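Got a structure for you, questions after.
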Amino acid sequence: MAGISKNIMSKSPWVVHVNCNSCNGCDIEFLACLTPIYDAERLGIINVGTPKQADILVVTGSANYKNIDVLKNIYNQMPEPKVVVAVGACACTGGVFHSCYNVIGGIDEILPVDVYVPGCCPKPESIIDGLIEASRILEEKRIKIKNPDKGVAI
Amino acid sequence: MAKTVIPFGPQHPVLPEPLQLKLVLEDDVVVEAIPAIGYVHRGLEKLTELKDYEQSVYIVERVCGICSFMHSMAYTRGIESIMNIQIPQRAEYIRTILAEIARVQSHLLWLGLLADSFGFESLFMETWRYREDILDIMEMITGNRVIISANKVGGVTKDFTDEHIKFILDTINRLEEKIKDVENVFLNNYTVKQRLAGIGILTPEDARELGALGPIAKGSGIPLDLRTTGYSAYKYLDFEPIVDNHCDSYGRTVVRIKEIYQSFQLIRQAISKLPSGEIFIPVKGLPNGEVISRLEQPRGEAIYYIKTNGTKTLSRLKIRTPTFANIPTLLKMLPGSRLQDVPVIVLTIDPCISCTER
Amino acid sequence: MLDRMIDNVTTVEKKNLLEAVNNMKLKGYRFAAMTCVQENDIFELDYHFDLNFEMEHIKIVVNQTDEITSISKIFPAAFLIENEYQDLYGLKFKGLIVDYKGALYLTPNSPKTPMVNNKAE
Amino acid sequence: MANMLNIVLKNFLKKPKTRLYPLKERDSFERTRHKIHFETADCIHCGICQRKCPADAIKVNRAEKIWELNAYRCIICGECVNVCPKKCITMLNKRRDVAENKKYISIKKVD
Amino acid sequence: MEQIVLLLLLIPLIFSIVFIYSNKKLYKPLSFLMFFICSILSIFLAYKGSLSIRLTGQIFKISEGIITLSEILMILYLFKISVKHHKIGIFILTVIQTIITLFTIFTPDKSEILTVGIDKFSLAMLLIINIVGTLIVIFANGYISEYEHHHGIESKQKLFYPIICLFLSAMNGLVVSDSLSMVYFFWEITTITSFILISYNGDDEAYKSGFRALFLNLIGGICFGVGNILLKKMLDIDTLSGIIQHGSISLSLMLPVFLLCIAGFVKSAQMPFQSWLLGAMVAPTPVSALLHSSTMVKAGVYLIVKLSPAYAGTRLGTVIAIYGAFTFFICSAIAVAQRNAKRILAYSTIANLGLIICSAGIGTGVAVSAAIILIIFHAISKALLFLCTGQIEHTIGSRDIEDMTGLIRIAPVLSILTSFGIISMILPPFGVLVTKWMSIEAAGSNPFVASFLVLGSALTTLYYTKWLGSILAYPVTELKAQDKKDFCIFFPLWALGFGVLMTSIFITPIFNNFVSPEVNKLLKKSTDMYIKRGEVVSKLGTFNEAMVFIALGLVVLFVILMRRLMISSANIKSIYMCGENNFAEGENYFRSWNGKYEKAKVSNLYFDNILDEKALTTFGYVVSSSIIIICLLGGLK
Amino acid sequence: MITLINLKILIKLLLILILPPVIGCILSGIDRKVTAHLQGRVGPPLLQPLYDVIKLFNKENIVVNKYQNVYVITYFIFVVLSLFMLLMKMDFLMIIFVYTIANTSLIVGGMSTGSPYSRIGSVRETISMLAYEPILLFYIIGMYMLTGSFKISKLAYTNKPLLYYLPLIFIAMLFIMTIKFKKSPFDFSTSHHAHQELVKGMFTEYSGPALAIIEVAHWYEYVFLLGLIFLFWYTSPIIGLILALITFFLEIVIDNICARLSWEWMLKFTWTIIIGLSIANILFIYLYNVKIL
């Protein structure tokens, strides 16, 4: 029980996935994380479709002028504490498309990104790494919200 | 009649990609469905006007992560024909084999997503598990799972070793058995049939009218397969385009599943004929001219219009992807369907929005 | 056989476009693609048609301000690409079956007519 | 429905196929491209890699002998590996770690 | 005592006359006055208990005279309108009616007695009529002017109030009378007042509906009259209690009883005769509430319940049970495909009346108790629902339940009252559900009846839940109108809502005082059930009302306790629109394909294709008519 | 004496309140684990549902309107109440009515959020309610005809399990369980994994503590529903338990071998075949006048 109370958030990080300007490469690798070979549900990770129930926002692809509204809405609809994971070169910096006319850049131009997963496309292992890292940050954030003054205690 | 108006997408769990449909329903029946795209528009056609033509291979590869190999293939073939380069036979064969492997990958992926769209989670898991084997082949040969960067102007970058060939043959032999199992489920399971048969009907006339391509056209009885024109190494291989006359979601599923077997067959043939030799020839000079390069993607015919002007960069690249041509069929298939069939119908055109919008 | 320089191009007047396209349809062609190439101030629109993997092309030459008749009534498949050029080149097509009015790819904030090279050399 | 029953029961009776990733890790294939590695010793800062990189991920500062990689923009295409005249860039099959903030990997050559 | 009974008959009449001569300003105070007087009188009477009065000699003569005179007047009126509007059907029926009347006039009553019998059931009915009825009259004050304004019809309020009062008086008369001729007389008055009120709007549709109602009810009246004569001539019975006391069950009893039942079926709009009630929905809402849901249609089932001892346990009883259950089922099914709130309520009324008839037909103690309780609870809940619908129509200008989406935002009080009305129809611990429980338990031994009840109640839940959900859906429509704070409107609504709650909480005294003795009296045996400490106990099972109320209390407690966790700390976020929300336009707008903003909305499902009203109605006609015809052709006994 | 009885009742009450969620939690853990294994995966730890709920309680509480959570509380309380009444062996018909309150509350809660997806989900849930309610009531009527009482406590005196005479209703109940457990092929109003056209159906707008309460209520509901199956073999608790567990396992398997069907299909199916089966069974009992008491 003590273990649970320490790792409340990191034991069941629920994920919502937003595809921004992604080329699908990262998307399908993210989906592949859920499939039997990688089975992210082992770690309590579920891909819930709705931002309202999610803890982690997984963004693939860079931001463009049309999808930033979507991204912001989804982010705003998530309950605290929440973590944003940028998966792939595109989401981190815009990747190979960073100089396209319709690419604003990495999604950190719009949202505060907590975890960057490099690669194009990142292998599922990397994505799982990213999610594990994200759940750790989630737990930190929870503690921070609970004890606003004490700061992080880990 | 009070109507239901709901947005369907862009961020929606059944749609892996951001496509929005404005659905207008009456009682549960769609009366109007207009797709909205633009969430994945990057403008990479313009980008190729800034990069040099060899770098552009990597850019067009990233049009889409699912059919990425064939994008680079179409592009390099286009540039090669502008520059009048005859690439080595072995390279042609390797391209063909990789293209067919990519096709299998794409179709398995699609089968999984289709299963997911009608709420069949375990079937999704099952097909995606098989897909991992294909990805292993890709990773083993080229070093990446999805975007494999194996093409370059003048040939391919990665060669097959004997070990690779053995691995490929082993894997496809094993997969063929397993896919028989899921095929049986997709085509004969009562509940699946309920969700596929008679859903999203597209008559051959409509298909022609709306410019349907690939498995959608084939599922409506139109044998539209660019591979029969024998580009690359296909001219040495023996196959028939697959058609099916169900003209509905079921027909498209049948086509895609049969295409998987066909691809296996093609891979085997190509491997047995694989010549030895170089895998690329060095390229000199700069391209000058315009060309239309076409090939059969998993979802149908892709058209590359390439215009160069003797400089390092391209002066115009236009990519017409199969999904782009297939989206109009949605306008025909969705009205009259039920809400619960919308995801199924949308998925049977195997929409690839990043291809569509580039 | 497929990858070849573009031949059999028929250049038609803008006003004869529909007629030419209609002919194509009667001959059984399917609409394959359409490209727009900018040469300084003029835009060349190539309509590509296909019959049994043999391509035919119809070309028209327009200015950016010209109003072009949409062929989407004849080939519904063409409506997306026409909308695309409306967005990317700022061309105007009239009679589109579904008119996105420049909102297919772009929003009010995005760059306008991004594909147009304004600084013609 | 028996057809699916057959599959799921088989799965149920067999061992799961899952790779227990964080606990157990599969070896990468030999050709697997995970990240590029830079050996500064041989580099002559010619800048070819910078020019050939499709993602503009490399910056070479010839004057100060700095070679910089934006690892979060690199698409791991391997072009730089192919073009480097000194073969000082290599492709590794080890994963790059995820990070909380992205920073340039900046390597200054000290003679 | 007698005086009070007489007063209850006279006061509405007096008010009727006062209304005719008063001016518009006085309507409001007069209605309140009438409400107070009538309710106090009825409560007082209820407190005093049952009695029976025999009118003989002089009084008899006078009453007989009045009745005969009024009957002649009525017939003349019927002739007049049938000629005026060229209604041959009405004319023919009136001729038959005349013959019956003449027959009764010229075969003088030997017994020279009229009996007024007030038992517990009548008392309950009196309470409903005088409290609910007058509340509705108050409501009409706030409603009818706006209604007339809205529909652009000239004011007929001079006619409206007097007729309503006349109707109340007649209803009071109907439930207190024991003599069949009196019942018959009042019965006819309600028919005619109903006709006048249905055709209130004065347009074609109103007249069409009015005449349909008149036509069918005249048929019912004729059945009643014929039944009356048969009873008198063959068995020399001229009172309701006489029928009950008539020991032997014979065909000669069954036929007239069945005829009376048909009269009841018509009045309570059972299946082959249901069309008039639906047409009657063109009338102003207070009329629908008063006549067509809570009181007049209850006259039909009142009669049938009263007759239940006559057929309890016979084959006729079973048939009536199946018939009622079938109506319940089929009307619930039709209601599912309805969008017009008033039509939903109309079908629901028919269905519930069917349930009452079914329970009466089953005829066991539990069942008859269920029937009586249902009459009481249904009257209050339905009156509330009808009035709410009327008020909603004034607020948003529509009675389509789709248009009510998001009503809670525009008119919170009204919405909560409406929701409460709906909940009281479909969920325990409210009265209607308790009776449903009772009737299903009672029907348990007859699989046919039980099946219909089971299927019907599932359908009932469906169509009411749809409506409930629409009303409570929060951020959808942005209608302009606001809750109108009109005391005349909200006093009746609150009073009725409070009534629903109180009657449900105090089901024990209601049962013990009104239902149980009546059932004992009717069936001459115990009810087989009792209610004690909020627990409805029968031989078959127990329904623990108290427990559900406690749970409801717990909900309130929890909500209060968990306020911090669940409610007050809550952050309001926009609704999920796949990420395409747009706040500038409103919460439920999304960016659509052309970059414009569109409103998302969801309508309910109506199954128009499966539960097609026409087809089902036809089906219902066939089945129910065959049941009736088979009965008439010898299925009795 | 009196205090002793009260103490007993108190303990019973506590057990009834505490034990079911524990069982339900484990059941839903088993559900996820078995599902994973059927799909060739390892699956989450057994206590994953518990972790989820604890996490959800620690999340921010976001709503679209201030009163949507009231419905959740109502749902919770009435599910607990119906389970409580089931365990207290009270009147079966009343239990189902109380259970209806819970479900209706959830439906109205989903509708009240005004979000298109949850509203459509709720509408579909009303339809599934239309499908399963009659069967539950037929089950009760069947039981009544066999035992002559609506009280579950009477089942203790029966000499034969209900299953002997209600086999068709048992089959019908299996389908109802699929609907109620929100399993394929009938998971169209909401499903455990959100990969469906309605996102998360009814629960799209619920999150944080409210979702946690819904989840806990689901645990009670699991026990309640399996309790209904248990009643089929009340005479021997062991067999009853086994029956319930087999049913549970069967539901998981069915979930994994079926695609989601349309609500129309379900409605047609239940209102013809399933209800037909139930009525046939009841008619059989009526005609042969079987009694097991």
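By letter and in written order, the chains are A, B, C, D, E and F; residue numbering begins at 1 in each of them.
Heads up, the rule we're going with is that a contact is a pair of C-beta atoms (placed from the backbone, for glycine too) under 8 Å apart; a residue touches a chain by one contact, two chains touch by 3 or more.
Everything numeric in this text was worked out from a predicted model, so none of it was measured.
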Quiz prompt | Chains touching both chain A and chain E, listed by label | solution = B, C, F
Self-check item: Path length in steps (a step moves to a chain that is touched) from chain C to chain D
Solution: 2
Quiz item: Both chain A and chain D are touched by which chains?
Solution: B, F
Quiz item: Which chain is the middle one, judged by CA centres?
Solution: F
Quiz item: Which two chains have the most contacts between them?
Solution: E-F
Self-check item: Chain centre separation in whole Å, for chain E relative to chain C (CA means)
Solution: 68
Practice problem: With chain centres taken as the means of their Cα atoms, state the distance from chain D to chain E in Å. | Solution: 78
Quiz item: Where the CA atoms of chain B average out and where those of chain C average out, how many Å apart are those spots?
Solution: 24
Quiz prompt | Chain centre separation in whole Å, for chain F relative to chain A (CA means) | solution = 35
Quiz item: Mind pulling the chain A residues that touch 2 or more other chains?
Solution: 18, 36-37, 39, 42-43, 47-52, 64, 66, 69-70, 74, 77, 79, 95-96, 99, 101-102, 120, 123
Quiz item: Which chain D residues touch at least two other chains?
Solution: 1, 4, 8, 11, 16-18, 20, 54-55, 75-77
Quiz item: If you look at chain B, which of its residues touch at least two other chains?
Solution: 4, 6-8, 10-14, 28, 34, 36, 38, 41, 43, 46, 58-59, 62, 122-126, 129, 144, 147, 189, 191
Practice problem: Could you please write down every pair of chains that are in touch? | Solution: A-B, A-C, A-D, A-E, A-F, B-C, B-D, B-E, B-F, C-E, D-F, E-F
Quiz item: Across the complex, what residues on chain A touch chain C?
Solution: 64-66, 69, 101-102
Self-check item: Parts of chain B lying in touch with chain F, wherever the complex brings them together
Solution: 4, 6-8, 12-14, 28, 115-126, 129, 189, 191-192, 194-195, 338-343
Self-check item: Footprint of chain A on chain F - complex, ascending
Solution: 32, 36, 39-45, 48, 50-52, 54-55, 58-62, 193-196, 199-200, 203-208, 211
Practice problem: Name, in rising order, each residue of chain F that touches chain E in their complex. | Solution: 60-70, 72-74, 76-78, 81, 85, 90-94, 97-98, 100-101, 104, 107-108, 110-117, 119-120, 122-123, 126-127, 129-130, 133-134, 137-138, 141, 144-145, 148-151, 199, 204-205, 209-210, 213, 267, 275, 279, 282-283, 286
Exercise. Provide the residue numbers of chain D that touch chain A in the complex, in ascending order.
Key: 16-22, 25, 34-35, 54-56, 70-77, 95-102
